[in-house]
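Naming follows writing order (A, B, C, D, E and F), and every chain is counted from residue 1.
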Amino acid sequence: MSGGKSPVPLFKDGKRHDGRGPMDLRPIEMKVGVLNNANGSAWVKFGRTEVIAAAYGPREPPKFMSLPDRALLRCRYHMAPFSTDERKNPAPSRREIELSKVIREALETVVLTHLFPRTVIDVFVEVIQADGGTRTAAITAASLALADAGIPMKDLVAGIAVGKVDGHLVLDIDQIEDNYGEADMPVAGAVNLDKVVLLQLNGSLTPEEFNKAMYMAWEGIKKVYALQKKALEEKLRKEVNL
Amino acid sequence: MSGGKSPVPLFKDGKRHDGRGPMDLRPIEMKVGVLNNANGSAWVKFGRTEVIAAAYGPREPPKFMSLPDRALLRCRYHMAPFSTDERKNPAPSRREIELSKVIREALETVVLTHLFPRTVIDVFVEVIQADGGTRTAAITAASLALADAGIPMKDLVAGIAVGKVDGHLVLDIDQIEDNYGEADMPVAGAVNLDKVVLLQLNGSLTPEEFNKAMYMAWEGIKKVYALQKKALEEKLRKEVNL
Amino acid sequence: MSGGKSPVPLFKDGKRHDGRGPMDLRPIEMKVGVLNNANGSAWVKFGRTEVIAAAYGPREPPKFMSLPDRALLRCRYHMAPFSTDERKNPAPSRREIELSKVIREALETVVLTHLFPRTVIDVFVEVIQADGGTRTAAITAASLALADAGIPMKDLVAGIAVGKVDGHLVLDIDQIEDNYGEADMPVAGAVNLDKVVLLQLNGSLTPEEFNKAMYMAWEGIKKVYALQKKALEEKLRKEVNL
Amino acid sequence: MSITPFNVPIVPKLKRETILSLAKRGVRIDKRRLDQFRPISIQLGAAGKAHGSALVSIGNTKVLAGVKIEPGRPFPDTPEEGVLNVNAELVPLASPEFEPGPPDENAIELARVVDRALRESHAIDMSELVLIPGEKVWVVWVDIYVLDHDGNLFDASMLAAMAALMDAKIPNHQVLEDGSVEILGPGVEPLPIRKKVVSVTLGILGDTFIVDPSLEEEAVADGKIFFAFDDSGNIVGIQKSGPAWLDFKKVSVAMEIARNRYHNVLAALNKAFQS
Amino acid sequence: MSITPFNVPIVPKLKRETILSLAKRGVRIDKRRLDQFRPISIQLGAAGKAHGSALVSIGNTKVLAGVKIEPGRPFPDTPEEGVLNVNAELVPLASPEFEPGPPDENAIELARVVDRALRESHAIDMSELVLIPGEKVWVVWVDIYVLDHDGNLFDASMLAAMAALMDAKIPNHQVLEDGSVEILGPGVEPLPIRKKVVSVTLGILGDTFIVDPSLEEEAVADGKIFFAFDDSGNIVGIQKSGPAWLDFKKVSVAMEIARNRYHNVLAALNKAFQS
Amino acid sequence: MSITPFNVPIVPKLKRETILSLAKRGVRIDKRRLDQFRPISIQLGAAGKAHGSALVSIGNTKVLAGVKIEPGRPFPDTPEEGVLNVNAELVPLASPEFEPGPPDENAIELARVVDRALRESHAIDMSELVLIPGEKVWVVWVDIYVLDHDGNLFDASMLAAMAALMDAKIPNHQVLEDGSVEILGPGVEPLPIRKKVVSVTLGILGDTFIVDPSLEEEAVADGKIFFAFDDSGNIVGIQKSGPAWLDFKKVSVAMEIARNRYHNVLAALNKAFQS
């Protein structure tokens, strides 16, 4: 939504710039248990967008940083300096600070923090490659890492962004569609519980478009959710085989 | 005192650039109890200079930050980014850090901190519009906010700046007189106690000028003090009427 | 080792740019007990390189900053803004942060921290003039300051840098030899114990050159060590005379 | 890093239960209907040295926004557009919970939410803010200053920012040959405002939504959801904030509740500019 | 200010004694010989938006390095040379000991040690990275990202940095008349690499040296010593790190041990570029 | 934010009473008269790479000031004047109370008090420090380095700064056609000093003033008051510092006490430049 003109047509003959139809997701890959030190970890790829998440805890919190009735959740969304087109300063930007908050607040709805009073649960996400939809990939990976760490949750969280390009609503927008499109609406949800846990809109939609976009998002989220389940089962299968 | 030449004559035929005589104050307005959350608050205007002050406390201090025999006083003088001719970065400047110290140390002389050991009393001043004399307006408002919060003080503190423009000593200088004048001497005092609690001089004065300037300042301070009393009474009257 | 060309020949007819032979140290001066507040202090000069060190402690550490079985060592290597050719920003640079670590870790090997559990020992070094070899001058001064403070050590630590200029190994390089030479190898040791406690190499050496350079460094270190002893005795003599 | 807030005062259980059970019955602790705003007031020109300013009250919440318009360089990727910067300060006089210091995640979220609603709606025509293409443009600073925090900072800040922008006048100026811009004094030309953007934030109390939550309502709510609208009724910004979730099917309900109320805010804005 | 680390977990005495006594007998807790590296693997191109990247594993230690090549200004004292910047982030997902925040002394030391070995060995011919002499040069950013910390970050980072540089391609570009540089897209031209630099780090356990210490070995070691070598076998960097000392006579022994092993690392590097 | 100091050591009550009761009788704990300075010494050129420097002792207080003169840009509002920057560092070797870190409010106040006295007195003719009008001027950095703190840092710093400025020589230089300034080496030309500024600070002990308070006197004093004078005896700076008040009528008494003593400091300054 930079307002400029796209170097490629974003929507032509029912197809998007990369050949996808409006409801097509990018190729998605997920792997659970990719790191050694973290209690849980996951690697998630949506097209060229690539993130790694790690979960630590429940563990002892720093001094004076605890709640008597539940665990604190700490969350960092961070971009590697080489993840973007121009090198990004590694100091957290205002955008990263906001997204860390938005992702933490989404995860707070599902993590059973009340089981672990006076502890802290940490979720760290690093964006390795940013090509649109990093926050929804991040929350998808974060929830896998938490599951991998064995931290009890009411449900997994899966995320996807709906966009509007050249007047058409499309699912799982990439960077070029984000940059030159009219709207970007990231949504994350707990599918089993039918709950929306993250919702933002950057751009402009009519009320009708908004309602349609929500339904499209939910379709996408269900697919991502299915892939999460599969990735967790794969990890489990490997462990059992050992 | 930038050393440049003033765009307007600063003193001509016994009058200053805005028509005031040497001993004339700018129009002054004061209002007490302007904020809801703060325990005490005040709004003070000297000409185009406008500040808001809030007082909180005595309240529990942050960990390890207390004195066994009295309250800590914390004070922040801060300028809104839009208060100055060019937008001011909201991060505290060296000037704001120094003035916070100078104002705190002035208030320490009158606040009865010994009545509230192991607590903290906070005074926050925001400059909404800066047109000369902001620190003396700030301390005037701060002392009103403390009084409004019911924090016991030996006396109110009132402040005013004396300046020297085109060779003449004048009271309550504004920004143009400060920028192009030869001296700026902010003074604050506890009138009832006959005590000077804040004193700085930026610029050059002969010893005789200095002594005269002190007397002029004291005259001004007495007027400001009277207005403070009035503003507090007005607040009281309102409360009684309720 | 900036890679540029030196404005003066660095090695000609067996002599260096300032007339020294390869094994010659610069004129060295040391004085112990130069400051009043510090528990121990020292001033050390190698040619135009000049540093002051102060030691404080063992003293009470800040809250939550202690070890149950020994003293913490805190160390800061810092350059005065006017110590360099161009004014240096007084905020610690990455270089100063690294050198503080390297010097602290060297001192940790000799200070008997186990004698003072739950305390902190501070060593602060200020570079007053930087003309090459500041870190080795710093550690030399730091160890004198610790000795002056009466903090028990297994041995003094003395330091010197070996360099390679125009293909020749030389001892105690100054700034021009550092800037335009091929290698700078700072070494510090505890002579009595025959221990190397600090070792870095910036630049390129063959293995044979490296071995030779180590021996040269050790010769230099022995000389510096002798001067340290003398400086401490001088201080002692003065104290006795009082 | 974002951390679960752990140093906020604990809300007495009783108050929480009172507010929740009232909400279920469709009433609120301050007698408002669930979809009712507190009184809104807008005072223009409240900060005299700003090029535009507005002091907005929603109930006891008070937000002052000041606009400064200064010459500066465009961003490299938008050489023919002005620059919009929105900043928010939760200054400590506004609440016992606010600490002095650089903006925390709450202040940053607040500023970015307002920023995006203004930016994505194209409320200002940035292409008209060019002084020398690729070289010098107007940089529009919107500084949001929270003076008294009694809940719903999103809507108060959005409204204060919009009103301050509408109040603003581009300084009288002259572009010199050497590419510098001389400021001659206060101007009369307004900013090229194309749309008026206002917002409606709902508190989320379990299954119930309450418009314009007060501070004590926010303290017991699970979270809130912000909807920004342009004056044609398009949705130009959403932000779910706080550890709340929403039933998938309730999302459009929430949007409709908000959309039914944005006229009230817009009316307050328009009224401020009628006099 | 550097401070003795005081919040690291205490190593059980028993483990310390086990590792030390094994080392005295020439063996290690993971069955390695004293001078043996853990398995080394290098995956090139692991970060797609970097101009060059490499993911290096040494045992369970995982380091990702990414190179970005961007036009920028030269340093005033080297107007005819490109600029090399090495930065290291110990991101908190890599270890329970790492905290979010700006690089601490360990990250800074790591970055500077790698930086110096690359710089002082003249591994890259910086004079070939000039776009407009004195005005515009290529700035080469090497960002070292530690993903999993199981000891010996020095060697893994050095190797990842070197491999990422060798993997890097200068972007396709055009120098415009006004002195600006337009980036046209990904390029094919590699950086002017003149030397391959690799390192071998030894853990110092009293009188014994162990090559490539694992995290649990580092926890009981007094310290470590890093040796960097260029592909001709010159020593191009040394760093003693940690509160260890070395017998004066043992220093050259340590160097020889390291020098006998740098071929292994170099071989792994070369192998990665053969396919 | 400024906070009442809460981590300073508590002065034993007895010492406080001793000092106060001595002062009432006109004597001091170190035998000085109330209006007597401790011995002052000035060593010029103490920092060899500075363009000017002075090491000043007042009793056991030791302050080193170094001046650096570098080409730079003028401030936009004073295009035809050089730039003066005064900075003070309370480095931790000077006192057990000083912590490493960026300048705190005490260091900032110290620097700004010295800065204003130099600036407002027009001690240096800044209009003579222009290299290319509007483009390049000399930037004069005065760095005040407190080495040993035994009280009265204001006067020691003021004196060290003034002496360092008088000691300074503008570097030998050449303005090149492209607007850059080439530094050729050390120079001989002094800065355009127009006035010598020195200060006298009084400790405030209830109703009594003591000139040049030592650290132990400062610890029991209510505060202090700084008066700067130019060599014609004009007052060119005042700063009340610390939580003290003064009787309105005593202010001019304080000024007279200070004014009777500034000659002593000026004499020390002049003596340093005679040899």
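Simple rule for what comes next: a contact is a pair of C-beta atoms (placed from the backbone, for glycine too) under 8 Å apart; a residue touches a chain by one contact, two chains touch by 3 or more.
Chain identities (UniProt): A, B, C = Exosome complex component Rrp41; D, E, F = Exosome complex component Rrp42.
Being a predicted model, the structure only gives us computed values, none of them experimental.
Within the contact network of the assembly, the step distance from chain A to chain B comes to 2. Centroid analysis (C-alpha atoms only) places A farthest from chain F.
When the C-beta pairs in contact are tallied for A-D and for B-D, the bigger tally goes to A-D. Farthest from chain E, judged by the mean position of CA atoms in each chain, is B.
Mean C-alpha position of chain A lies 57 Å from that of chain F.
A straight line joining the Cα centres of chain B and chain C is 51 Å long. Here the spacing of chain A and chain E, counted between their Cα centres, is 31 Å.
Taking the mean of the C-alpha atoms as each chain's centre, chain D and chain F sit 47 Å apart. The residues of chain E that reach two or more other chains are 1, 100, listed in rising order.
Chain contacts: chain B has residues 76 touching two or more partner chains.
Those residues of chain C that touch chain F in the shared complex are 35-38, 41, 48, 50, 52-54, 56, 59, 76, 78, 80-87, 90-91, 122, 124-126, 128-131. Residues 1-4, 6, 77-78, 81, 105-106, 108-109, 111-112, 116, 119-122, 126, 223, 225, 230, 233-249, 251-252, 255-256, 259 of chain D touch chain A in their complex.
On the side of chain D, the complex with chain B involves touching residues 46-50, 53, 60, 62, 64, 66-68, 70, 87, 89, 91-96, 100, 102, 141, 143, 145, 147-150. Looking at the complex, you find that chain C touches chain E at residues 1-4, 65-67, 71-76, 94-95, 97-98, 100-105, 108-109, 113, 183, 185, 189-190, 193-207, 210-211, 214, 218.
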